[in-house]
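The structure follows.
Chain nomenclature is as follows: A, B and C, assigned in order of appearance, with residue numbering initiated at 1 for each chain independently.
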Amino acid sequence: MTHATTPDSAVDPTTVDPSGAGPARSAPDRPARRSTLVTRTWAQRQAKVGVVLTALIVLIAVIGPLLLPWATGYTATGFADRPFQDTGLFGTDNLGRDVLSRFLAGGTSLLLYSVLATALGLFLGMLFGMVAAYIGGWLDALIMRSNDVLLAIPQLVFALLAITVLGPQPWVLVAVIAITHAPRIARVTRAATLDVIGEDYIRAAEMYAVPRRRILFREVLPNITGPLAVEAGLRLTYSIGAIASLSFLGLGMQPPAADWGLMINENRIALSLQPWGVMLPVLAIAVLTIGTNLIADSIARASASANVGEK
Amino acid sequence: MIVQLIIRRLAISLVILLAISVLVFGATLLLPGDPALAILGQQATPERIQALHEQMHLDDPAWSRYLSWLGGLFTGDLGTSVASGQPVAELVGERARASVVLMIAAALISVPAGIALGIWSALRRGRTVDSAITGISLVLAALPEFVIGIALVALFATTVFSILPAVTMAPPGTQPWDFPAQLILPIAVLVLVVTPYIARMMRATMLEVLDSGYVEMARLKGVPERRVILRHALPHAIGPVAQVVAIQLAWMAGGVVVVEYLFRYPGLGQALIDAVNYRDVQVVQAVTMIVAVIYIVVNLLADIVGILANPKLRTGGDR
Amino acid sequence: MGLGLSAILAACGSTAAPAEQFDLEGPPTTGGTVRVGFVGGGASDTLDGANATNLGDIARAVNVYSTLLSFDDDYVLQPMLATSVTPNEDATVWTVVLRDGVSFSDGRPLRPEDVVASFERIVDPEDPKSGAASLAHLQEIVPVDGRTIEFRLATSDTALDESLGQYTSIIVPEDFDAAHPVGTGPFTVESFTPGQSTELRRNPHYWGEDGPYLDTVSLLNFNDTDALINALLSNQVDAVAQIPSALTEVIGADERIRILDSETGMYLPFTMRVDRAPFDDERVRQAFRLAVDREGMIEQVLSGKGTLGNDMYAVFDPSYPDELPQRAQDIAEAKRLLAEAGHPDGLEVELVTAPIQSGVVEAAQVFAEQAAEAGITVSINRMDLTAYWTDYLEYDFSQTFWYTRNFLAQSNAAVMPGAPFNETHWEDEEFTALVEEARTVVDDAARGELIARAQEILYDRGGYLLWGFANQVDAYQGYLGGFVENRTGIPLSGFRLDRVWIGEAA
């Protein structure tokens, strides 16, 4: 989870080093380039594998809860037997609930909060990154120094501090993960924006007194999607890891919620007795994070090769 | 020039630490409830609450409490644990040592392993070894550490082979490292999580260096390949890799929390989780500050290594 | 808890050699050391048995000191340092006759003055010990002659003997110093490191006729259940106090290990505040009591290791009304009562819970699920421990836990006016009058009658939802003798290590 302290190293550093090669050098063929990024990504075998793995888990998480009674005969909270018995396909959990039912119902919260945290982190990071780059001066310095402060506390430790003060609520998890992602996204955004605003067409827009906000959102934003897409994929992987880890520590989702991380926490006392209560959610989280990371890496490679092509 | 740079980094680090201390202390002010009431629990009488308030300076203004807390950080007085009534320093001291042992052991394995794998991978660019290393590190990098941990436990301690202890069980009065077998799995998890990043970074940096002009030049001059790598390529790669190593070591200060919880290792991370469960703010603050200090010191060292290893700066400094 | 346990369990399952047989039939053999492990303890651990709170404290209290009376394995009071304890006709004066020939562990004889000093120490207003609350009415303790002492009370108390039988009512010499503890128990303290370990050695001056058999005992503190069970299975400890009931079967499957499964009077009730809506309406309280599936609770929360509760505590009290019908789940009746009380569309309540005792948070989840059937929507507010204790006694709907006690002692602690832990804010004139009267009636049958009537009031309209009594489950190595089922709720046969001995391989 706290891989997130290693912002750019999960993907090949040469590919995402924002100062090295902003992906949007040539404004005129923007539409063509964007489709290139997608097609170049998809052209890689690992991207297809990533999409399949991710889709599999997303499908379970989204459709699973609807399938419950039909698939297992049990609800996610009803009792099937005593704790840790062999009842049902995968046995019962620490309270005697059906493990498969809990598993099918347990992916939604993880997925939802990870996506929310990533989206919020992207939004905050982009906002501060673009403002810092575009306005510059003392505001830039202030934002970047605040980033340094936030980056000096490992994500998990920061989350634990927040949970100590505010309690283990879902919004606290989402907010704190977003806030710990934002500085890294802000750095990437700032670097990419600085690259873009040096371009002639931005200068031209400024000369024509186009409002700054309009320039930022209409001109700059579409041109930094490459590095941002890479970041989004990476941050999503880390968000999933972070939220699942917090639940695993007993400080994320709270009972009686059906949640993969919490399931592992509740059932690991009987790993040898009833391994499925632990292994099903562990496998799902593993497949999901591998899937999203493969996609993120493919985007990174695609955007790097795009640059190479342009050079 | 080098000295100036280093002093500048040092100053920045201190300012950041100060800012963190404000942030961490500010968190206490948000906490609802009276810590004195929490400490006394069922034994809370008005007199005892009053006495504890005075003892803990709870009625002083926030800025003065902040200053005395900050002063305490330097003198080793970290406050009083709400949950146990013990001094925090006492509670945290021995635990910190146990955590550091774990982290140093993991670092001693993962740093050389990561660097070696990265170089190997770079030299075999495009071949099977390279794609295997790249692929495996991509997968490992994606996995949260508790997933790796549980997988290892299932593999080596419970389901497949039962050859290693899955939990730290140091009888009272002994230290966890008195039982080396118990350290294997926790260290293995940290190594598996950290090594891929170092290997990937090392590979990328190596590739960049190998493609650079001076390596090309050295080769053209007929310098043996071995010497090219050791004398010409490697020194240029040290700076960037030192950064990643630093980030990874600092990461361990946070990642060790999950690993310690999983293996019931009596370290700082375990203490932190216990403290969060009791809402023991003083302990959480202290651990957060300790981790931040570790992080900043390690980063500072990496920066200094980077500055010293930078050939341009180095030669500049020599003149 | 966790994974490690499973490690060794798996190992045992596949590779365990046939378990050795031990001779545990014959007369106990003397000698040896036994290591006892338990979870908990810390810097506040004490050698002063009068302040015992956690498991380690209790184990030290029971084995280093003796009390005037003590509860036996069936939770019946038996003589200990006192050979008789008798009340006058209104139970305001109790006469205690001391056992002859008792010496402290330093060899000095036990005198009535020591007993007086022991209780003055417990009720010391400057530094009251745990037992002070139940001895608040103690006016004077007077040595009558060389063997006899009178306890004179401000108010009648027919249950004073039970207070004297608590493990915290320890007898110590007049010049007692907790740093260098001297008692009359079967063992003496050899060394003590708070939160880590305690070494006990056989007391050469012990007054008892049987035991102790062991030379030394080590009490070892563990951080968590997982490490504890691992230590047992890897033979690093000989006996462990309290194992999770869900793991009883799998631990018991190891041939070397014996499980000690004792029925107790320990309960984890839900508490409903009778002075606040919606629980100020007794129909709502009854509806909740009918909504719960008690057998299901025992299955789910205790893995079957428990006995049914009938919304009354003190199940081992001789006056416990067994004849009242066992309350069972009745969803239709619960709904009817709720509708009658003005909640025809069901009811939403917040249940405050915290991991104050194993099984509590689990019980909250199971109840929430069961109650949904009756139209009761329970939202669980799981607090951290510090927050929970900060507002303890304020929650409308919450949970608590109590150990085995008889009726009057429990009532004094939890439901009488001025009770320190009145979680349900119970104040019922009829009930209070009955209990107060029972405290004055010396005749067992007549008092029993009053207690049964008071219990019936709790059954009809009390604030507790008491669904069951949890068993105490411990485990020990097969070579140990002397462990028997024990109702007190104190682990490992009430920590009576004086009875434990090591069997020889047969």
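Side notes on the structure shown:
Methods note: a residue touches a chain if its C-beta (ideal position, glycine included) is under 8 Å from a C-beta of that chain, and two chains touch if they have at least 3 such contacts.
Nothing here was measured: the structure is a model prediction, and the numbers come from that model.
Judged by the touch criterion defined above, the protein chains are all mutually in contact, each touching every other.
Centroid distances from chain C, each centroid being the mean of CA atoms, peak for A. Of all chains displayed, B has the C-alpha centre closest to the centre of the whole protein C-alpha set. Computed from the mean C-alpha positions, the centre of chain A lies at a distance of 49 Å from the centre of chain C. Centre-to-centre separation of chain B and chain C, using mean CA positions: 44 Å.
Centres computed as Cα averages put chain A at a distance of 22 Å from chain B. Multi-chain contact residues of chain C (touching two or more other chains) are listed as 2-3, 5-7, 10, 226, 384.
Touching two or more other chains at once are residues 268, 271-272 of chain A.
Under the contact definition stated at the top, the residues of chain B that touch 2 or more other chains are 150, 153, 158-159, 276-277, 279-280.
If you check the complex, the residues on chain B that touch chain C are 33-34, 37-38, 41-42, 82-86, 90, 150, 153, 157-159, 162, 164-169, 171-173, 262-264, 266, 270, 276-280. Within the complex formed with chain B, the chain C residues making contact are 2-8, 10-11, 14-15, 42-44, 193, 195-197, 220-224, 226-227, 230-231, 234, 236, 355, 384-387, 389-390, 392, 420. Listing the residues of chain A that touch chain C in their complex gives 77-79, 82-84, 94-96, 167, 254-256, 268-273. Within the complex, the chain C residues that touch chain A are 1-3, 5-7, 9-10, 225-226, 244, 246-247, 250, 296, 299-301, 303-304, 361-362, 364-366, 368-369, 380, 382, 384.
Chain A meets chain B in the complex at residues 1-3, 5-6, 9-10, 12-14, 46, 145-146, 148-149, 152-158, 160-166, 237, 240-242, 244-245, 248-251, 264, 268, 271-272, 275, 278-279, 282, 285-286, 289-290, 292-294, 297.
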